Each structure stands twice: as structure tokens, then as C-alpha cells.
Amino acid sequence: MAFTTQHLADLFAALAARMAAERDMLCALDGAIGDADHGIAMQQGMHAAQAAVAALTDPTLQDQFNAAAKGFLNAVGASSGPLYATALLRAGKVAGAQAAMPVGETPLLIMAMAEGIVHRGKAEVGQKTMVDAWAPAAQAAREGASFAEIAAAAEAGAQSTAQLVATLGRAARLGARSLGHPDPGAISAAMIIAEMTAAFARSATGGQT
Amino acid sequence: MAFTTQHLADLFAALAARMAAERDMLCALDGAIGDADHGIAMQQGMHAAQAAVAALTDPTLQDQFNAAAKGFLNAVGASSGPLYATALLRAGKVAGAQAAMPVGETPLLIMAMAEGIVHRGKAEVGQKTMVDAWAPAAQAAREGASFAEIAAAAEAGAQSTAQLVATLGRAARLGARSLGHPDPGAISAAMIIAEMTAAFARSATGGQT
Amino acid sequence: MTLTQKLINDGNATVDEMLTGVMAAHGDLLQRPSPRAIVARHGPRPGKVALVIGGGSGHEPTFLGFVGRGLADAAAVGNVFASPPPQPCVDAAMAADGGAGVLFMYGNYAGDVMNFDMATELLEMEGIEARTVLTTDDIASAPEVAMRRGVAGNVFIFKAAGAAADLMLPLDEVERVARHANARTYTMGVALSACSLPQTRRPNFDLPGGEMEIGMGIHGEPGVRRGPLQSANEVADEIMDALLAEMQAPTGAKVAVLVNSLGSTPLMELYIVFARVAERLAGAGLQVHRALVGPYCTSMEMAGASITLMHLDDELTGLLDHPCHCAMFRQG
Amino acid sequence: MTLTQKLINDGNATVDEMLTGVMAAHGDLLQRPSPRAIVARHGPRPGKVALVIGGGSGHEPTFLGFVGRGLADAAAVGNVFASPPPQPCVDAAMAADGGAGVLFMYGNYAGDVMNFDMATELLEMEGIEARTVLTTDDIASAPEVAMRRGVAGNVFIFKAAGAAADLMLPLDEVERVARHANARTYTMGVALSACSLPQTRRPNFDLPGGEMEIGMGIHGEPGVRRGPLQSANEVADEIMDALLAEMQAPTGAKVAVLVNSLGSTPLMELYIVFARVAERLAGAGLQVHRALVGPYCTSMEMAGASITLMHLDDELTGLLDHPCHCAMFRQG
């Protein structure tokens, strides 16, 4: 079974819809420890990514990831922009200039995105950032876990950020006062990973999106 | 029985206390058709008048009214300032440079104040201003009505302003929209006249304030 | 109901404490000859008509912010939303007097008229001639011009008169210019929230969330229409329709524009409004010669904005272009 | 819960519509080479270091209001409270480049650092050297200076660097001046209400009536202490105690002071605060060389204020005195 450009286009549409639906909730989370705009950044970013991908005519998977990266970055800026743009570019490199990739290789996309985010933001696990969702997901992927397990690892990592003290990003200045509040970027990351793994799983069963 | 400088000093103290107590209510009335500050103007004005009078050493009645006029005007400005300053100066002229006046002549003070207010503001009865309280009170005084009747005339006049359309002052621009709201200056005028006539009546019975 | 959040000490002392701060910050430009009179250090001079403005506080930078060389020579400062009493008007006039007469300019409000008129009588006794030009730019405040309030258009009207005085024109001329400027200036505003007097810290009217009031006065005097809050473009269009109809300027005419914040409406929103105003003016074939955008005539923390158009001719254009150097308004 | 009252059209279009208005109002001073880049018409010139500032919108007049001859050559404009992406930073830098290098200056926020750093890499490919000086004046935002946020002190810090660039100093010198200015600038603020993003129109945090938060960031980032709203003097004293302790200036030293509104706090309150600040400075034996009072670095309609002190030396004094002519900030 293959993960095709059609599947990827549908995935970006799903991500845009999901971020639009979660916008106000993510803003509220950011309001507690940051500047209340994370939901807007993710909604605008994924909307732009989806639109940029939809505008392509018979692209390769890499074309799609590159267009999504550029669209996301230029629409958003902020912290999320460079982080997700780098992540998506890395994913594009892995997917390559082809119209489809084996579903069995899609976990590499999660790993590549996690690396891109760490490369750009220099964050380590435990600093209360989106890395706390991406790193465990990548780790699970590396260990050959199922799509469901990868998503679960991301979700657990995201939830764990409530117990962490931020040392990077806007929340860093809060120190101990960031305790008890999950990191908005980690929460949105878990949602993204959930959408991605669900799309991979659907493509595995050949199911239409 | 005489109305003495002691009675007048006590009257200004009573007026200051009354305006302080009614401040927020008068502001609310002014808020409906004006700029919401009438209670502040009357409270500050009567407070200053009372303080200026208290500062005098064996004054005549006219000294007291003049000091009150100056104190009120300089503390307040606004519309109320010139109107009440002029009213108090006129009252002082009538009271004269003496330490007491016959209680039977005190209605002349009401008439003089009403004249002063009309002189300064050029308002006529029916224009929804404090004149709608002062004029009927002065008319009753002219006709030899009792103190209670004078106060009642002022109160009736003040209440009648709710049915009037303003043509002077801030409320004038409202036109018909000022209908239904009493004029704050007329309401405070009725309170002042009530305090004054009560003080006159007390002095008549020789009662201490 | 909670009290409005204000950074103050004593609600009855706000004006005097503000003036202490103004003098501490701008002592190089301003003097304070008496507690409620503010005079320009570099404006008044022998032979020059003294332009003296004033009114209630709470509209800062109007009035005292416009005292300075090239604009007003002095300002009389009242309590919040209350005309100053006659004495500060007299003090301001005497301190600014250059022997060429005094022109009082202020918004058309019953209280201000009574107090400044008393001041004029007192100045007569001092042998100083003081004349008065009332500003009446708020087209929403009454059908007849003579009954209208003076609001944000003061900035342009005072500026024109101040320039005429700075050019050493005689009192007759400065008065003529002032009336001419006022006659060609049109303002209309919209309120999105109330403001609160510092003494009470309670909203001076209530405007439910989701509503706006078109034509509301800068003291919260009721306006002409209350309705659901509309978009910036719809609001700008409603106001511009009224202003353009009133102004009756031929195509090709030049205008000065002020998009003013009533207080808490931020620059971002003012520029969004200005974008539409500029479109509408272009559509009407009018040229924007000068544009001011910002808080020029406020009502403390009231949310909302006003739009002012001054219909320029060559004389007014030159006067608006004249430099001025005030503590809160700088040009040229 | 009702939505915050804003005079806007589309919550997602506020920044672009604002820029349309800014260009309509200030086309004589500003250019817009790309949608989110604003460049001074009269600033950039051959041989001059290009000072390029930028950051999220919602702080107007910061940043774009400080673009003009004598101050910043260009600004990159982000979404509300969001760093601009790299492209507008590149566009602003290329438009302002005079062949003597580019200095990026902006507040120290994770997002801005990532985006401007990407822009720097892109400029390298164009053969343009861009350096960066982060502003870190918010003493409440972290103990270590390097982790602190840049807030209202930007006005003085950018002003000093902009003057150095206008004086045609080389990149090394402009960078040195910028770091020196930042190292001597200290700000702390207090919030009395939240602000709302135009997309959501919901308060970005909740601060119950009767409370204040000391040290809150200009994006509503939580501060150092929340407590009952105190008097202007108590608040000013708490902030001044902290600023003076950080600044460690010897008696007789000169300072520049900014009392800044976060948005809806009116001039009356700022001057009441300034009165106390001036008292405290006099008490500490410090001289006020320059005082700014007004909305210079805002958070849309947030209520509150900040106090900034810049510890001057002869070099910084001269640079602050240097004239500048920006759309929203005029001096000399």
C-alpha cells in the first residue's frame, strides 16, 4: 500500500480543519503561559499550507511538503512558523521527488519532522515545548511502533508538559509558574501527529480519506 | 425670630452633606442626558462653599454668601458654578451686611437666587433646567407661601422636567430624547431649596440646627 | 459592579496631579502661572494676539497639549468634563497677553460659555480686550450649527488661529480666521464603550457589548443613533456620508483629515478606519493635504473614534502648514 | 461572554488593512516595497548602515511608527503578537541596504530570533551582512539579562542606534552603540486589564476587576506579581524601586524617562505617574534629560503603563538629542 500525493493533500486539508476547530482552545492554553495566539498561528499556518498544496499541479510528495513549508512560514512567522517550516522541509527530503511512498516508510516522516524542529529550535526534551510531543513520537517511530502507538506517545508527551517548568520560548520567563499548564505547542503537535498517523493508517488499508 | 449667621453656616454644612450624599444619584441622572458629573460639581461646590463660610471670623450674612459664591465658583466651574455663584451673590445683597435677618424675610433669599440664576443662564421656565425648580419656588415665595409650600413647589417643578424637552445646556442636543429623564440641575435645586426652607423653618421656631 | 481600573491616587486630585506631571515633563516648554493656567514659554510676545484655549480635563492632549509656539499661547484647565471657572481663564489670558488683545477659543458648551464670559468681563476691568470664537464642529450634536458642540476638530481650528496669531495678525484677522476655520471643519464620532469619571470610577453611560453609538459626544452626551456594532468600513462610511454631505466640497478640493481615538481604540483600528476614509475621499475627488491619526481629543478611556474633515482653501492650507511646537503636538 | 469592542473589518486582515491606512496617511515619509515591509523614504542612503527593526503588530506606534530619517530605516511587520516571517525581514533589509551592512534590532522573543536568523542566512546568500542586537529592557521578565524581553525601552534603544547610523557610523560602531544603549535601558510595567487579539476578540488572559499584574509582558505574558490594584504612587514606587536598584546610577547622573501607556490608560494617568517618577528621580539625585509620556509601545487596548529609564552618558545623550522624523515620532 502506498501513501500518495492525494493522501498528503487530504492530510493537509485535515490538518487545516483540525487546527481551525482547535484554534480557540489552543489560544486559551497559550494565554495561560504565553501570548494567546498559538491557535491562530496554527490555524493560519495549516490553512496556508493546505492552500499552497492544493494549488500545485501533479506535484511530487516533496513538492507538496516544500509548498506547505513555505506557505506555513510566510503566513505565520512567530515561533511556530520556522519550526514547522523546517519540519516540513525535512519531511519533504525524506518523501523525495516521487508521487507516492510505501506506507511502511511514513514513520520516517515523523522522525524527520522532529529532527527539523529540534534543529531549528535547539530545544531538548523536558524544556516544555512542542519537542516534548515530537521527540517521543519520533522515538516510537524509530522503534517500529504502530501508528496508534506513535500518536499515543505524542499525546502522553504533550500531557506531560503540564508537569514541566518552561525554559524556552515565551513561557520560559514564568519559571515555576508555568507548572500545571500544558504547553500549547506540544498539545497542537500531538493533534498534528494524530492526524498524520491516522492518515497513514487509512492509506495502509487503502481506505479513502 | 431671626435667621443668623450661625444658622446660615449650619445651612451650608447641611447643603454640603446633602450634596455629598446625593452625589452618585445626581451623576447618574446627568449620565442619562448629560455628562454624568452634576453630582460631583454640586458636592465639590457646596463643600467649598461650606469651607469658605466656616473660615470666616464674625462675618455678616452677606460676607457668608459672598464667600460661598466665590468658593463654589472656583471649585467647580462647569454650568453649576456660574449659576450658583450668581445666585449666592444675589442672596447676599438681599441679606445685607448684618449678622441676622428676620425669618419672615428669608423667602426673599429664594427669590434673589432664582433671579440670579435666570440672569446668568438666560433660561426660561420649560427649558428643562434648574430654573424649572427655582422659578416656581420663587413664585411661591413671592405669593407668601409657607416654607413647606415653597419646597413643594420646587419639588413639583423639578419632577415636571421629566416631561420637558431640553433646549438649553448639554441636554439640549438631545431634543425629544431627553423626554422621560428629569433634569439633574432641577433635582439638585429642589434638594437645595428643601434644605434652605427647612433651615428657615427651624430658625423660625428658634430650634437649633 | 466593579470600579473602572484607573492608575490614580485621589479621584478628586487627578487634574492637579496631572498638571504637576505635565510641568515636570515639559517645564522647558510650559509655565504654570496659577494652579489651573498653563502658558507657553516661547509663544506669547509683545504685539501678538494671545490665543487662549481651554475647557474641561479628560480630553488630553486637548487642551493643554496644544499650548506652544505656533499654536495656543495658554490654556485654562477645568475639572474633568467641567469648564474651568473664570479665574484660571483670566490668569491664562493675563499671562499670555501681549497687548494686542486676547482670543478665547473653546468648544460650545453652556458651562464654558458662562465661565469664559465672566472671565471676559473681569478682563475688561483690567483693560484687556478678550473676544471669543466657539468651536462647533460636531455635526451630530445639533442641526443648527450655532448649537453644535466643539470636539476633535478643535485641533485644526485652533491650529489655524494659532498660526494666524503667530504670524502677528491683528485681533480682527485672527478672529476672522478662527471663525472661517470653524465654519469649514466637520466632525462626527462613534463610541464603542463608556468612560468613567475618576471621582466615581463608574461608566458615565451604559453601552452594552455588541452595540455602538454614533454621534456620541466627547463627554458621553448621547448621540444620534445606537445600534449593533458594525464593521470599521460600515462605520466609516456612515460618518463619511454625513461629513461629505455637510461639507459640500467641489471635486478637486483639498482637505485635512483627522482620525481620532476617543481613548482606548488603538492606532491599528484608527489606520483601518483611515484606509477607508482615504478611499472615500478619493472617490469624492478630494485631495488629502494633511492627515492626522491618533489620540488628539479623547474621553479618557472611552473606546471609539471620530473623523474630522477640514475643507481647505489656500489660506487655511498655509496656516495648517505653519510650524508649531507644543508639548503634545509637533509640526514643521 | 461578549466580544471585545473593536472597530475592525476582518479579524484576519487587520494588519494588512492597517498598513494600507498607514501608507495612505504617510506616503510622504514611507514606502512599502513588499506587503509586510515598511521603508523610510528619506532614511536609507549609500554608505549608511541600515537599521531594520520589526516584530509582531499590535504595539503601534512600535515598530513601524519609528521608521524615518534619524531613526529606523525599515521595519518588518508581523501578524498581531507574532514575529514576521523571514521574507519581510529580507525585503526590508534589501530595500534599506546602503552597502554598509544591516543591523537588525528587535525584542528578545523566541519567534523573532528564529525568523530574523533565517532572514540573516538568506541575506548572506545575497552578499549582505546582517548583524543582530536584541533588546532586553524588561527587568521583570527574567533575572538573567540575556533572557529578558524587549519592551517599551525599544524607543530609546532604537533611537540611539538610529542616530548613530544617521551619523554614518560604520556597522561595528552602530552595533556597539546599540548594545551599549540596550545595556543601560530598564523597563517595568503594570497591567490593569487584558487586551484581545482581533481574530478572537477575547481577553488574552483574565485579570479580575480590582486587580493588577506587575511585570506583565506586552503580549500579556504573565508578570511577577498579581495583587489588588494600588494607587498610582504605590505602583510607581514599586516599579521605581526595582528600576533604580537595577540601574545603579550614581547621584548626578542623567536619565531619559518614558512613561508609556499600554493602550487604554489615558495621558491624565500617565502624567500622574510621571509626577511621582520625577519626584523619585529627584530624590535619587538623578537629572531628567529627556521625558516621553504617552502611548509608545502598546498592547492594543490593554490598560496599564510601563516606566523606562535609560541611564545616559555623553554619547547616549547626544544620540537621543539627534533629530528624527518618523510618521509617529518626531524630534528636533
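Labels A, B, C and D are assigned to the chains in the order they are written; within every chain, residues are numbered from 1.
Convention: a residue touches a chain if its C-beta (ideal position, glycine included) is under 8 Å from a C-beta of that chain, and two chains touch if they have at least 3 such contacts.
Note that the structure is a prediction, hence the values are computed from the model and not measured.
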Whole-Å gap separating chain A and chain C, where each centre is the average of the chain's CA atoms
53
Chain C to chain D: how many Å between their CA centres?
29
Distance from the CA centroid of chain A to that of chain B, rounded to the nearest Å?
73
Out of chain D, which residues touch more than one other chain, so two or more?
80
Quick one: which residues in chain B touch 2 or more of the other chains?
none
Chain contact topology (line, ring, star, complete or other):
line
If I apply the definition of touch given earlier, which pairs of chains qualify?
A-D, B-C, C-D
Which residues of chain A touch chain D in the complex?
23-24, 27, 31-37, 39-41, 44, 73-83, 120-121, 168-174, 177
As the complex stands, chain C meets chain D at residues 2-3, 5-9, 14-15, 17-22, 24-26, 57-58, 60-61, 65, 190, 192-193, 198, 208-210, 212, 229, 231-233, 235, 263-275, 278, 288, 291, 293-295, 298, 300-301, 303-305, 328, 330-331
For chain C, which residues are in contact with chain B within the complex?
12, 56, 78-87, 109-111, 114-115, 118, 141-142, 147-149, 197, 199-200, 202, 204-205, 217, 219-222
